[in-house]
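Listed next: structures, encoded as structure tokens.
The two complexes that follow have chain A in common; it is paired with chain B in the first and with chain C in the second.
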Partner chain A sequence: MSTVAPAMRHVRGFDVARPLSIGVLVFLMLPLVFLPLASIFIFGTSNGLDKFWAALTAPEAIFALKLSMATSFWATVFNVIFGLFAAYVLSRYNFWGRNALIVTISLPTAIPTAVAGFALLLLWGPYGTLGRLLTPHGFQIMFTAGAIILANIFVTFPLAFGVIKPVFDTMSRSLEEASATIGATRWQTFWHVTLPSLRGAIVSGALLTFARAVGEFGSTILVSGNLAGRTQTAPLYIFAKFNEGQIEAANAIAIVLALFSFLIFSVLFFARDWLDVD
Partner chain B sequence: MRKTISRKLPFLGLTTLILALLAGGCLPKPPGERSDITITLYGFSVMKEPLEKAIFPSFAAKWKQQHGQVLMFQSSFAGSETVTNQILRGAPADVAILSIERDVQRLQKDGFVTADWHLLPARGIVNKTPFVIIVRQGNPKDIKDFSDLAKPGIRLIHPDPISSGGAQWSILAIYGSELKKSEKESGEADAGRALQTLRAIWKNVISTPGSAREARTTFELGNGDALVTYELEGLLMKQANEPIEIVTPQATIFSEHPAVVIDRNVTAAERPVIDAFMQYLWSDEAQDAFVKFHFYSATNEAFNQANTAFGHIEMPFTIDYFGGWDKAYPEVIEKIFRDQVQRK
Partner chain C sequence: MKAKETFIPKREEPESTRPSAAASVVGVSKRFGKASVLENISFDVAEGEVLVLLGASGSGKTTILRIIAGLEMPYTGKVILHGRDVTELPARERGVGVIFQSYALFPKMTVEKNIGYGLRIRKRKRKKIRETVDELLSLVQLQEHRKKYPSQLSGGQQQRVAIARTLAYKPEVLLFDEPFGALDTQTRVHLRREIRSLLKKVNVPSIFITHDQEEALELGDRVAVLNVGHIEQIGTPYEIYNHPATEYVATFLGAANVLEAVVRKDFLEVGSARIPADLDKEKFREGDCVKIVFRPEDVSLSRGDLPRSSHARLASARIEEITFVGAYERLRLRLDKGGAEECKTDETAYLLTTETPERKPSKSIIATRPKPEASASRLYVGEKVSVALTSFTVLPQKGTKS
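For the complex of A and B:
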């Protein structure tokens, strides 16, 4: 007994490691995350709240925020449906080239986003491989909102898939089999049995995709044309304002994006439990 | 009870978020009034103020008065090389105002500019400005000329010649300034001395932002002891009460900025308004506006005389000193800067 007690102290009694490690964690995060975020808020509101509000309600700022929301929304819709479909196919069927497909879907994570933008231009641009054939017929997707959606789809491609596929992999097939034995069609089984157990994964996949797409910069600046009030998303607006030396205007929108991601990840954090418990 | 609330909260949050997302799903309409006709202009970074604050609104008002059409301008500004690359990849520009003639030549080579742009007034040059050094108030590092930037311990902000036309002007300004000074001192231009100075200066560069405007912002945020840029940038900074001083070198270059129509993107219907706009750029009204924003007019010396803020340059020179852009780009920017300064 006397030999066990000292070893157990860190489990039962007061443990110095607890406040110490929490302290170290917060201390490490301070210069890496907390202070940079804080400086956005301090800088953005340093000229008074009325200036901040004016910067936020400038027509081009509002347009940029709306454009970011809209393009990210459609990219999310596409990628969640695609991710669901891809995860279903790749976890249900075993076929030659399956691993190659899984790796390819995951690739955009590691590709620099500027390369993604450039690749899209080389394909769809008015002088690109496909674009060259389509432009004479009046089909021009680059330098429109469509190009921003395409870029968002590319860079967020693996996110929803990455969240949904593991759930498919670990899902017990006995429920689906039971459903089939009582006469459900393939579609009914998917709708009533498979999909509900994927609810949590779909929501978190969607929110992750959306959050990532809203912040996308590197590929968007290449494919969008960056015209204020037409093809300028919120991150491009921030960059343009920073370049012009209008730091307050840049920071006002940066604050909105920071709060927005805070909201998304909070919802993600709390909703996950709720969705998985049910 | 607590349990049900904590179970409902995420549900409410989620529903609100999804509704917000659905509302955001429709693409927004561009701000501003409905327009009958639009001119899309891509410009190099420091052209923004005179165009957006003076030239666009005055020309749109004129056009409305004469033709009854609402004219809207769309514009995008970045480093000259960046702008040119955007247009070459298909950005929908009708007009481009670039920092360097070399970029117009690139547009010509790929068939984007087909008309002889030198036929425009002042051979297509819309305005000009000399290159200067910006230092902190009180000039604590005692910088009086380009050669002082070569002193050890100076921290210099200089735009990136890959993306910025201003950066290329700056390199030509420094290199040409040493040639000019040696010519004056010994009667012969000393290319070795010019190369040594450029090398020593480049060692002191701590940051190469993508455009002249980005370089100015970097400097304004407190980075570096000095910045080489267009004189008008220094004058705009002074106007904004930035704690800086402008150092006018003994010898420096006047950068000359071409404005061109991107013929490939202009439809027959747009032609009249774009031609009218191009002529307007060289009108006294527009040239005077440029001078009010501290550019030198390309056509009217009287406007330039009237701007008392301009610094005095003892030995000014232009791109002709190097034999034009056809020679300056391959011989100075490529053979000297890129091969012997940057790759050292």
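For the complex of A and C:
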């Protein structure tokens, strides 16, 4: 028996386990990932490309895409700068409550997005803790593009930080010390020495944050008010059109968002060498 | 104080009486929390001199370097560079050059960008930077690597870039933090000879840190031996090797045998042997217990009971072990009677070698014989020989400080 077993696994030098396991992997992924994605494209283009194009260029659709991009962009800008700053403070200084801060920053990933949106409403909404005081003065951030940015910031809060902090942690202190002894100010050291080493982490942190923000639904639907042409982001547009039975309209935007994610993840995947270059 | 200085013109002292120290550390001590890591460290480095701080890990040598560089604040004491008290100045205003063990080259800059960094942040003209970089590249012989990134260079090349990078802005003093620690033995020996001649060429005062005694002896114009936060001895390599001031220095720099002895009128009593010695009467009194320290190569062996007339006969001994170690042979000898009876504790001699730094009580001593002598008169294990000393150092029994 023991002499037969190896022979079964290697038929004349051919490893049967290889094609078998690859086949099983692809077969399992088929209904879970590949087919759902494929059906977006199959369905979206089934009525002809001109119909697809018309659905895509509808003013509300264009607006939703633009709004998604703009709100995600500003959330990304904020979270990358904040993440950089937080990573610097939390990896350079040791102080009481440091770990508590790290956990708090990382917390938003674990909170359901609907809860996040609800929490923002409870703070800034017309009857919220802060909103109650601000609304009489004409300040109302909820149900505006600002609310969408706030929600995006909240749900993508730890992403850039999470990518940048490990790089800070492993960065040798002697680089900064060397720069200081050579005569550089703190700012020069940060600009010429620290920042270039973080380039890869900053780019991938930004891409992750942006990709996540563009797709955000749960918190956005609560805080934006979902007003078509005013506060309706692309994912909300898909949801609204689907509810109205306009499957083609929903589908056109879905294709754009899917392609967009492909693009971002290809950059992250194929530019890895460039991003991590030492 | 500052305002006054501007009114009273500083009187230039004549060149001859001015202290020639390029860098001085005066009474520096350092604590981390309650632990004292440096106690009252003082030393000078002359213009163009290479001083090596030699010590085991934990001796505080790196802390001294970091204090001079301004990366660490001393608890007490001062750091003076070319007559300027820099103790309160941040690292960037001191104008020191630090060569880190990890090289600390900027990974995203090419070799030439790394070397030009100090001048770029000083906003020098582009042409001037280029000239200096060219000059330094040829000095460290890396012209063909100027466009490469540090990760594309070997350890030795990276270290040379690091040196060029600090030389670019003409530092007041160069500080080397175990610069060869991460290199293999061959590169290390090669590079340290290269750096030694380079330093003589640029004539910048330098402080080297190392735990490698061979490196210290070869590189240093002077060597300071550190032991748990204080300087045991500071002197030329010849002095500290041949006239160690303390037992620690003797045993840290290569192998040393230590025997106990009693001071007599004009000789030392070691066991039953009498070694003629002309001792400083101020330092040693009759009846004092002392230690005599001698290196394995200071032991002269002769067959049987016939001592060589010119050397101080110590005792007869039996050969326990002979090891061939290339250039010489090493013998372990058991003394018939070693150490002075009056001073005897439970151990009479130490076996101390570089291979085993910890003290092992033993009545054995280590001797070495160069190859010509070893092959001219062969000795065998078990044979009885007469042991004499060609030279030795006498140290007081108590206390390690002199």
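By our rule, the second predicted complex is superposed on the first by the 263 of 278 C-alpha atoms of A that agree within 3 Å, B and C clash if a C-alpha of one lies under 4 Å from a C-alpha of the other, contacts with A are read in each partner's own complex, and residues count from 1 in each chain.
Keep this in mind: contacts are C-beta pairs under 8 Å (C-beta built on N, C-alpha and C of every residue); 3 or more make two chains touch, one makes a residue touch a chain.
Quick caveat: nothing in here was measured; it's all calculated off a predicted structure.
After superposition on chain A, the partners chain B and chain C are seen to fit next to each other with no clash.
Once the two complexes are laid over each other on the shared chain, residue contacts for A:Pro196 go to chain C alone; chain B is not touched. Legend: residue contacts after superposition of the two complexes on their common chain; A:Ile264 is shown touching chain B, with no touch to chain C. Touched residues of chain A were counted for both chain B and chain C, and B has more of them. When the shared chain is aligned, chain C comes close enough to touch A:Gln188, but chain B does not. Panel annotation: after superposition on the shared chain A, the angle at the CA centre of chain A between chain B and chain C (CA centres) reads 160 degrees, nearest 10. In the superposition on chain A, A:Asn243 contacts chain B only, with no contact to chain C.
In the superposition on chain A, A:Ala178 contacts chain C only, with no contact to chain B.
Applying the stated contact rule after C-alpha superposition, one finds that A:Gly225 touches chain B and leaves chain C untouched. Once the two complexes are laid over each other on the shared chain, residue contacts for A:Leu67 go to chain B alone; chain C is not touched. In the superposition on chain A, contact is made by A:Leu121 with chain B only, not with chain C. In this overlay, which is a superposition and not a single complex, chain B and chain C have their closest Cα atoms 16 Å apart.
Judged by the document's definition of touching, no chain A residue lies at the interface with chain B and also at the interface with chain C.
Those residues of chain C that touch chain A in the complex are listed here as 69-71, 90-98, 100, 102, 104, 106-109, 117-118, 120-122, 149, 151, 165-166, 169. Considering their complex, residues 59-60, 62-63, 66-67, 69-74, 76-77, 121, 125-127, 131, 140, 142-143, 145, 203, 207, 210, 222, 225-230, 240, 242-245, 247, 263-264, 266-267, 270-271, 273-275 of chain A touch chain B.
Looking at the complex, you find that chain A touches chain C at residues 172, 174-175, 177-185, 188, 192-193, 196-197, 199, 278. Residue ranges of chain B in contact with chain A, taken from their complex: 7, 9-11, 13-14, 17, 21-22, 24-28, 30-32, 40, 45, 48, 74-78, 86, 89-92, 210-211, 213-214, 216-217, 220-221.
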